[in-house]
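First chain A sits with chain B, and in the next complex the same chain sits with chain C.
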Partner chain A sequence: MKSIARREARNFLAFTGISLLGFAIFYVYPVIRTFYLSLTNTRVGVDAVDFLGFRNYEQILLKDPLFWHSMRQSFLFSFIAGPLSLLVALYAAMLLNRKVRFIGVFRTIFFLPFVIPTFAVASVFKGFLHPSSGIINRVLSYLGIQGPGWYMDSSSALATLILISSWGFGVSMLIFLAALQNVPASYYEVADLDGASGFQKFRYVTFPFISPVFFFNVVLATINGLKSFNLAFLMGRGLGFPANSTLLFPVYLFVTAFRMPYKLGYASALAWVFFLVIMALTGLNFLLSRYYVNEDVE
Partner chain B sequence: MSTQGIRMAVSSRGRRETGRTTAYVALVLMSIVVLLPFYYLVITSFKSFEEAIAEFKWLPATFRFSNYAEVLAIPGFDFPRYFLNTMYIFLMKYIGTMVTCSLVAYGFVRYHFRYKELIFAIFMSVLMLPGELLTIPLYEAFINLGWMDTYRPLFIGTYFATDIFTLFLFRQFFKSVPGSLFEAARIDGAGELRMYARIMLPLSRPVLVTVFLLYFTGTYNDIYGPALYIISEEKYVLAQCIGLIENLYNTGSQDFLTPFHLVAAATVFMILPVIAVFFAGQKYFIEGVSTAGIKG
Partner chain C sequence: MTRTIRTYIAVTILAIALVLVGGCTPAATPTAEPTTPAGTTPTQGEVKPSGTVSVCIDIQAKTIFNQFIARFEEKFPDIEINALYGKDQNALIAANQAPDLLKTGDLYVVSQKDLFADLTAYIERDKAAFKPEDFYPNAYNSLNVDGKQLALPSFFNVGLLYYNKTLFDESGIAYPTADWTQEDFISAAQALTKMEGDKVVQWGSSTVLGWWGEWLIHVRQAGGDWMVDGKCALDTPEAIAGLDFFFQRTTKGQYKFAPSPTDDALGGFAGGKTAMEYGGHTGLWVSYNAISGFNWDIAVLPKGLKTNVGAEFAVDAYGMYKESKNPDATWEFLKFWTGTEGAELMSDMGRPAARMSVAETVKAIPMEERANPKSIEALFDAVATGLTLPTDPNFINCTQQVVQPYIDKMLEGKLTAAEAATEATIKANEYLEANK
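Moving on to the complex of A and B:
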């Protein structure tokens, strides 16, 4: 018996050993090393390294206006962009759930933006929303409206990022559509017989059924929105253009660590603060989830 | 049923008809909003430079198909090369993940080891880590290894089964394979590796396709990695090369000098492969994302 167990363990390690090694190199070591670096003033190309204790953290929380600014931009971005695109997604899913014709065509159209790589999205929208040569300001001019400067103007650039990212609502729409199709048709028939209005059907039949999926995805999208980097990096020319308005926190961290003067130590402390913020939000969500998940319909 | 009930049922049917019309109107309007950027992209790719930077017109004076040839002829802008660079990284990542994750997942499912569930739970926990927590030490290490301006930092991790999500997919999939298959194979005298190669791999085609799609779009989309490690222009990936065209006429500060017509033509070139892959694998893609989403 013992030899069988030993052979099993040996086979197990033979197959999984590479992942244990990889886990140590690519996850365990970096997390620990990042913490160590966060206690120093390490920079690329500078050999002298001082041990600072927690002074980087002190600097971040007390004396770094860009940290607070970029955190604020990231929170604004994710707390608006996440719910907004999911509301659009839910609305589109409900329209498609009405047994309309050409459902496949509409579904493909709505899903298409999700497939387009972010760098292409950025390059398209730079032209599309260009204040003088873009389409949208042209359309607005037909209505006698002077269009905004969109991504060129620091007062509208963050809102522009939010709108552009909502364009990719198609993937959440598919999730909601699948959830809506699980609502038993008989519930709607009963509601019809009772003379329920469209809104009442939504309020008392649809919503209780899909609210767990909806809120779960809203929270997920919001927390993931804090990690959003690509679009802001591209639209903001890698540095939060214009006037730091698109300097989301991950962009600030990137610039601090990987652009002159390559402050790896300070950026490591930023990364740890960020990690703690995300963990706190995830924990909070875990505590709150029993209030918004409706147990009855699960 | 009372007459009132009948009347209400009838009127509700009428309401449903108008509701459906409203739904069509809303769907068409939404489609226009979603498709408008695509219209801008395609129409701009046929305009002249002057038209592209002037006030927007819905159609160009003449359709300049030559813009597409012009993009490919820009000196120092080697589009096929950036495409091949991107595909190289994609293939290296895909092969690495496929080989190692399937082997490791096989080990997790096939063999008994006292702590294997615990190990896997620890693996899964890193899915929550923000990438920022990991990048800086790896960046340091790759500099010390002299791997700057090479593609190795972008794919080396996949050869150690570090893609926990794919590992999870494989494990879930292998779990559903009945154990009796292995008993039969063992009686036929098949060895461990042979069982993996002959039974597991052919069965896992859905995982191979799903991960292919995820990696293809993922590599296409990756900006962080190339921005960190790729410096020479001839090593650029597609995500980086668009900046070369945007700044083609850039003399410093004037934004209106972006040649939007060439940017648009280049962007069309770049999104065609992803759209082709998407339509080819649409079924897997949509099934994949919707089930993954529901399971949460």
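Moving on to the complex of A and C:
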């Protein structure tokens, strides 16, 4: 027995040693290094480094209005864009789960937006949505409607980002589709015999079966929404334009670290606060999942 | 466990520990007085410098720099230039792999000062041939921090009015002149904006939104400024008048303004369907001249509320990394680049040099023999009325994240100029105080 355990331990280390080392160097080390930096006033180009203790954290939580503003924008973005994108993904997955001709073509078409780079998406939508030269407002004006300022107006810029972000629902859709295909057809047949409506079939058959996957997608959508950077950076020119309305937290973090005066120490503290917030939200998601995830599904 | 496993685990733990301990060591020893950089003492005598000199260069400038470097290496065969096109200089610095030559500018040099070697001794040694007095004094002096010359100007940008001569000719409108006022500019922009139905097919001019590029010019031309004595001064009557002028000119719709080139199907000024570009950038001249048939020129910016002083004058510069392994060769390349010969070469390739003698050489070329822009005198006139930006390290973040939102709201008509200026000043001064 002892020699079997020893062999297993040796095999375990042989197979995982390299990746554990990689994990330590590329994940654990940066996390610890970032925490160390967060306790200092490190700046690129400045030699003197002072140890500040938790003063950066104090500054963030008590004296930095931009932190609270950017966090608010990120929460708004995540809590609206996340569910919106999930609904679109679920609806698309249900459509694509039907037995129709050329379903493969439709699946490819629906997945295509996901593989288009964000900068291309941003550029295309900027052209479409420009208040004075974009096609959307021109069409609206033909209909006698005064179009909004879209991403050029501080009151509609975040909503515009949310709308555009629902474009990238491809991965969630694929996950939903895989789950939907595992729902046994016999359950629907029974539901049909019982005269269940479409909504009742979804509520009592489909959703319980896909609830674990739904939970997984909720966690992903929450984290991705809060981490969302590219679209906001491109649409808001990396500046939060207009009027800081697109200054999501990751954009604020980026400009703090990589724009003069390159406050790496402060930005590291921001990153840690953000990490704790995301961890807390993920924990909350796990707690809430007890109320809607059916764990009996295999 | 066998000895093999124990050894394996021990080595892994040791490696992780070494990495972690290394990570927790400060990048530099915290000292008030930096140690004397290697590059401050030039080699005396006739020792010929040799070796490799690395430098990060914008990918857009690759074509001209390939030619430029080839010329240098022809003259100095013992020195090889390792041009890191498109590499992120900050990332290299953070990774302790800083190149020998570092890009900076008047706006950045103060906050980056610990990275640079003091070039004073090199300049002093070679001053007869290098002629430091030939640089524009405001460009050269803006790179001197605490009495140390940390970098040298490689080229400069100053706000100008760019115009498309073809579109002006087609509309029969006279080209912009040095005595243009804002009224002249606005009426020309209105006349040059062309519509087909409700679709714009030609823009009269662009307007810079979302950053200080344009509103600060109006504030300064009205006699105000952003920063006075280290504090935000946007709430002065002059600054408020300048902001209000900007608001009246844009949001009030005196003319439709072009979207930024990335948002606009017409492709901005370079697309050939925008008659004028307000401010612009000299770094784009090479690109403009690469467009076949694009007939463009420059004029000084129109006079604002009170004066024509206030166009943004910005210096692009390079300095020597203080821990350069090859300071003498690095200096040789920097000296060539920013010296008369290199500056003339760069100027020929379309990058304005910050040397007065080069300006005279350029102006001496008959107008019909010049590449665009033909009215190059406007560039040097603009230098005389241009103003540099505050060198306070917090200027950029404070302006973009604290002041700009109020300007944006003013342009949306949600705040008056006075309200925006007052609020912005209070918040900016709080920010500057908190981030001292």
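As a convention for this text, the second predicted complex is superposed on the first by the 261 of 298 C-alpha atoms of A that agree within 3 Å, B and C clash if a C-alpha of one lies under 4 Å from a C-alpha of the other, contacts with A are read in each partner's own complex, and residues count from 1 in each chain.
Quick note on the criterion: a contact is a pair of C-beta atoms (placed from the backbone, for glycine too) under 8 Å apart; a residue touches a chain by one contact, two chains touch by 3 or more.
Since the model is a prediction, treat every value here as computed from it, not as a measurement.
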Inquiry  = Looking at the superposed three-chain arrangement on chain A, would you call chain B and chain C a clash or a fit?
reply    = clash
Inquiry  = Once chain A of both complexes is superposed, is A:Ser123 in touch with chain B (first), chain C (second), both, or neither?
reply    = both
Request  = Decide which partner touches more residues of chain A, taking chain B and chain C as the two options.
outcome  = B
Message = By the touch definition at the top of the document, which applies to A:Arg290: first (chain B), second (chain C), both, or neither?
response = neither
Task = Quick one: classify A:Ser133 as touching chain B (first), chain C (second), both or neither.
result = both
Query = Touch check for A:Val49: first (chain B), second (chain C), both, or neither?
reply = second
Request  = Tell me which partner A:Arg33 touches in the superposition: chain B (first), chain C (second), both or neither.
outcome  = both
Request  = Examine A:Ala9 and indicate which partner it touches, taking first as chain B and second as chain C; both and neither are also allowed.
outcome  = both
Partner chain in contact with A:Phe275 - chain B first, chain C second, else both or neither = first
Remark   = Clashing segment of chain C (vs chain B; choices 166-174, 256-264, 310-318 or 328-336) is 256-264
Ask   = Can you list the residues of chain A that meet both chain B and chain C?
value = 9, 13, 20-21, 25, 29, 33, 44, 123, 126-127, 130, 132-133, 138, 152, 258, 264
Key: Residues on chain B engaged by chain A in the complex (per definition of touch)   = 5, 8-9, 11-13, 15-16, 19-20, 23-24, 26-27, 30-31, 34-41, 44, 52-56, 100, 103-104, 106-108, 110-114, 116, 119, 122-123, 126, 128-140, 143, 157, 159-162, 167, 192, 217, 220-221, 223-224, 227-228, 238-239, 242, 246, 255-256, 258, 260, 263-264, 267, 270-271, 274-275, 278, 282, 286, 289-291, 293-294, 296
Ask   = Inside the complex, what are the residues of chain A that reach chain B?
value = 5, 8-9, 11-16, 18-23, 25-27, 29-31, 33-34, 37, 44, 91-92, 95-96, 98, 100, 106, 108-113, 115-120, 123-128, 130, 132-135, 137-138, 152, 167, 171-172, 174-175, 177-179, 192-198, 213, 216-217, 220, 227, 229-230, 233-234, 238, 250, 253-254, 257-258, 264, 267-268, 270-272, 274-275, 278-279, 282
Query = For chain A, which residues count as touching chain C in their complex?
reply = 6, 9-10, 13, 17, 20-21, 24-25, 28-29, 32-33, 36, 40, 42-50, 59, 63-64, 66, 123, 126-127, 130, 132-133, 138, 141, 149, 152-155, 237, 239-244, 247, 252, 255-256, 258-262, 264
Task = Using the touch definition up top, name the residues of chain C that touch chain A in the complex.
result = 1-2, 4-5, 8-9, 12, 15-16, 19-20, 23-24, 26-32, 34, 90, 93-94, 107-108, 111-115, 198-200, 209-211, 256, 259-260, 262-266, 393-397, 400-402, 404-406, 408-409, 412, 414, 434
